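Several structures are given next for inspection.
Here subunit A shows up in two complexes: once beside subunit B, once beside subunit C.
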Partner chain A sequence: MSKTRLSKSARRDERTAYLLILPFVLAFAVFKLYPMLYGILVSFWKRNSLRTRASTDFAGLENYITAVKTSTVWTSFLHSIIFSVIYVVLVMILGFIIAVLFNKKFKGRTAVRTMFYMPYVTNMIAVGIVFKYMLNPTHGPVNALWRVFGSTGPQWFNSPMLALPTATVIAVWAALAFVIITILAALQDVPEELFEVAEIEGAGRMQRIRYVILPMIAPTLFMLLTICIINSFRNYTTIVALTNGGPGTASRVLSLQIYEDAFTYSKYGVASAEGVLFAAFIIAVNAIVSKVRSRCLERL
Partner chain B sequence: MKKIALVAILALLIALPAFAGGSSEKSASDERVVTTVCRASYANEVWYNEMNKAFEEETGIHVIVQPTPGNDEDHDAKVNIDLTAGSKIDVIPSLGPRYYAARVEAGFFVPLRELVEGRGINADEIYGANLPVEEDGDYYALPSKIEAYCIFYNKDLFDKAGVPYPSTTEPWTWEDYKETAIALTDASAGVYGSFMNAENPWLIIATVQQEDPFYKEDGTCNFDTPLRREAIEYYYDMTKVSKCQMPVDEIMNENVSWNYYAMAGDHLAMYSQGNWFTRLLNSQEDYPRDWRYGIARTPAPEGYNNNIVSAAYNSINVNAEHPEEALEYVLWLADNQWKFEGGIPAYATMTEEDRQTAFGSIAEASDGQITVDDLYNCLVNNGMGAVQSDIIGTAADEYNRIANEELQAYFLDLQDLDTTMGNITRRVNEAIQSYE
Partner chain C sequence: MPGKTIEKKNIGHQVFTVVMWAVGILMVMPFVMMVVISFRTQGEAYDPIFAPFTPILRNYEQVLGHVNFLDWYGNTFKTVIITILIRLAVTLPASYAFSRIQFRGSRLIMAVLMATLMVPGETTMVPRYLYFSNIHLLDSIWVIILPEISEVFYLMLMSEFFRSIPEDLSEAAKIDGLGHLKILLTIFIPLSGPAIATTVLFSFINIWNNFLDPYLFISSIDHQLITPALRFFQGRGGADVPVQLAGASVATIPIIILFIFTQKYFVAGVSSSGIKG
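Here is the complex of A and B:
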């Protein structure tokens, strides 16, 4: 009797759970899943001009071949990789260091934390406007420091060597808060006794990090690594707000190339093929990270 | 629990349509309306709103305008996306033949010949060569204004440098222009003799006037020509050797919209712009300045005599919800937009009355700095042929963007001219191949 009642209750809970996730599932299906599947379909259609905007003529692999034969796609892809590597390395290392520092009590900690969290809630376009002013070589306050010493200073966004790294560092600055908060939460779950034992054993600061902190928060770090890799390729807003791909094509990333091919030049077929290839690449990278994660966590 | 979940779902279903709506502006069913789009910058312009108000008063048709946020390129991209998605906006404006041609080719517009002739109007006669007649003999828009290039200059800087004002009646060459710009440049005071935008057609302005084709006969890219190289080297010389033109890196660092420079005449002696600039120069409220301005003809390359001219078109969307009202609006705009905007009518010939209407208000608003004759002689009666400012053809948008990107890289000394030409040719050919 009791079993039947429990079973009924469980079924009711299950139904409620389904109902509660239904809005998300519906929204996901309409706004994510359907566009993704449709995008894959379009990548096989001859839909590369305003005239052929509604065409469903089968193009085979033509759009994929065009995409991989376009030199700008490869340079944009290379820039995306450079952006991603700088972004992920900086955001993970700085995020970890700052979170460890924030985990200690010090005077003004709340104020400093708030300062670090502010960029995360600031609109990227607003960030772009402020940084373009700050780093303006002729009128900006940053280059004013160089002018004190008789130099004009770096051309932050007009130099092909600096434009992409500068934009990436600003993206890191804006994204740091999320990493700090997440690592900080993980750090606060590390039992205090472990630190005490490490101290009794005579472990130094670096040893405590290596043998206590890192093993304890490794799952969180790997989860963050996956999120950061995905976010690093979602850099369209950052690039548009700061450099718009310039100077020339020096900071043109693949997300900008895909957007322009689709929505500026109406080459929906080619743009979809580029998107599918890019998504496949990101999935492959994350699959590798996932394997590395499993092995590392096994060893720990 | 069941009830709560049910209520939650119903609430969600009721709320969802609120996010799916378009414009909240609605009209009564008996009211005649016409819908159109405009650039965000137009939406707040006095002339644009007064123009629509005048149309409403004259016809009783209410104009519903949907401004598109962003810059001009964003506007055209968004309009194309909207049209691709089956937009029902009635009247679609196209500034310049590049977008117009692409939209006609895509089949977005209604053919107008029969409809216009049905009203007893002979558009061929009225608009002459300005009527965009297609290969099928029909036209899909009526032109509402002409935009002609010219030079504006700061009279105070000319006086200070002791340089005579350029003539409004005599032709001059780009070499004359450069010499004048050098004489006006005062590096110690931060004054440049010339300002030309760091984009097409200014980066290659002479070659546009020379009508050097952008495509080869086989449809591939024809950017790398001796004339084009000469035009690019001219701009390079102006910025890097003679240093009489604001350099590209400075323009890019300033990172401002083109209309900002209407206020920068205190350190820019001559501007290569067009008649659209008078609206800014005469608007002290929006573009305050404390210097007097003058107007001169566009210089031409030695042995050529063409001015760069563009046009604005209004078309009726094939999916228009109010086609009759749309036709009335398009016809009215062709006759009246230039009067409100301060532009040049697209008529085949200008009567004395048109001339006074087009230029009288501009001359008056300039407080005597320029006269009706100055405007007429520099913009219309200059004895120059007319060539289009736009690249028109396959993948023209992308062609234009690629040329801008690569030329800017050249002017920033990031690559040499051979590399620049090679990159443009390769990338444009790739774009042409990927376009259907």
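Here is the complex of A and C:
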């Protein structure tokens, strides 16, 4: 085959490839990528009232300055961080433990697995309705445990201290399946012989986890960590369904602040600036995680 | 002596089995409560879960009898079906190109696509709202469908699946003179049943459960989808607890039944997204 013919067919292949990806890429550019970039534009425009909703007057850094000078932005950011930390720690640790346990055979394992996976396919609004019923402090079935001892028990969503952690734990309950399924799949790729060798060498259960399982599935765990961190900031629905940011502003996370600034006060410019900063923060956290990942995986 | 250790191991294993079942039942307790209480009167709502009662259908009559109930279910099904069809039509060819053809810019395009996965919809709700308002997309199911058709997750899922199809198959077809489109249509798509099933299942669950987008972009009550519509049974002046729980059941049970029968594809989808994503 001559060189020119090869490159000719390669060029034809290339043209076909562009045609094949065109619909996807076009839809992506118009409905996904452009709105993201548009957010950066809006964050530099003077659009902070209903009247100036379509304004394209350049505002400089005004919106960003307003955003970082607003104290509720910082408290809601702090709430987002608290939510995220509790969520990531719990979902990763519990998911890992449960996956390791599910890797052992027992009677009815498939049925029990289904039970653990069910919350994952349930919508958060329905979850909110059920948990608000269950955690009703005066009549609810959960606080019945406390009523037996004559106490009223925790106030859950009515308590400024407990509202946010309670909502986070429910988010963990709903998301656990994702971590369990992913780790289980990774565990199934760990060669059986490794466990046998470890057993012959007299490794205990903890040692087996530390020296056999963890190094083998470390790449999966880091991948999960990244995804869980991103998901921990996708919490608007969870918070709206469970606490709506309350009591007062005790569980108001950054996404609620953005929503309110934009759709209650029509401060589209400021809200967009908050969105840009929020996205930049999430990307920065992930950059750090990927640094840590490459360093950790090198060492293994 | 060895007999004794085996016995000990057995007891340990039985305890383990019981504990796993107990925790599993605890995990699904909210669903049990949801369904049980949805058949009670308001007065019985907070009676102990195992207390005897006469089941009533009044709560379901109230939910299903809502003037807009059929609209919400209909809109949701319409959105799900149209999204799945366009999504497959767009994603299958793109996945084929990314996994089987070498072309300039493929890495760059893929990198841009993947990077956007890091940006949660929460951070871009304002510009999306303004933009969709500018292009007159608000308040129709198309404001949900159009952004959904190019989800990178499904592109990765499908590309990963296509990469697992043996190279020889497409090479043989090429020698026979088949073009890429023919190869995609006659070889790849017929082989990708499992990946298509996973896509359909995930699309169904995700769009059905989506709250943020329809809540933000759809304002008319009769254009709303089922999950955000659940809010109409809640809050000030909303219905009583058993009616709310009946609403929650109606919005949840179809998905759970679908999930129980298709778990295999569901698990395959989650694990491939986690490991290779």
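Convention: the second predicted complex is superposed on the first by the 276 of 300 C-alpha atoms of A that agree within 3 Å, B and C clash if a C-alpha of one lies under 4 Å from a C-alpha of the other, contacts with A are read in each partner's own complex, and residues count from 1 in each chain.
To be clear about the criterion, a contact is a pair of C-beta atoms (placed from the backbone, for glycine too) under 8 Å apart; a residue touches a chain by one contact, two chains touch by 3 or more.
Not measured: the values here are computed from a predicted model.
In the superposed model, A:Pro23 lies in contact with both subunit B and subunit C. In the superposition on chain A, A:Gly95 makes contact with neither subunit B nor subunit C. Using the contact criterion defined above for the overlaid structures, shared-chain residue A:Asn136 touches subunit B and also reaches subunit C. In the superposition on chain A, A:Asn158 makes contact with subunit B only, not with subunit C. Residue contacts after overlaying the shared chain place A:Met124 against subunit C, while subunit B stays out of touching range.
Between subunit B and subunit C, C touches the greater number of residues of subunit A.
In the superposition on the C-alpha atoms of chain A, the part of subunit A touched by subunit B in one complex and by subunit C in the other spans residues 16, 20, 23, 53, 136, 139, 263.
Taken together, the subunit C residues at the contact with subunit A in this complex read 13, 16-17, 20-21, 24-25, 27-28, 30-31, 33-34, 37, 45-46, 48-49, 89-91, 93-94, 96-98, 101-104, 106, 109, 112-113, 116-132, 146-147, 149-150, 152, 155, 179-181, 184, 205, 208-209, 211-212, 227-228, 230-231, 233-234, 241, 244-245, 247-249, 251-252, 255-256, 259-260, 263, 266-267, 270-271, 273-275, 277. Against subunit A, the residues of subunit B that register as touching in their complex are 1-2, 5, 8-9, 12, 73, 77, 80-81, 83-84, 102-103, 105-108, 249-250, 252-255, 395, 397-398, 401, 405-406, 408-409, 412, 414-415, 426-427, 430-431, 433-436.
Those residues of subunit A that touch subunit B in the complex are listed here as 12, 15-16, 19-20, 22-23, 46, 48-53, 66, 69-72, 132, 136-139, 155, 157-158, 160, 245-250, 260, 263-267, 270.
Contacts from subunit A toward subunit C in the complex involve residues 10, 13-14, 16-18, 20-21, 23-25, 27-28, 30-36, 38-39, 41-42, 53, 101-102, 104, 106-109, 111-112, 114-119, 121-127, 129-131, 133-134, 136, 139-141, 144, 173, 177-178, 181-182, 184-186, 220, 223-224, 227, 230, 233-237, 240-241, 254-255, 258-259, 262-263, 268, 271-272, 275-276, 278-279, 282-283, 286.
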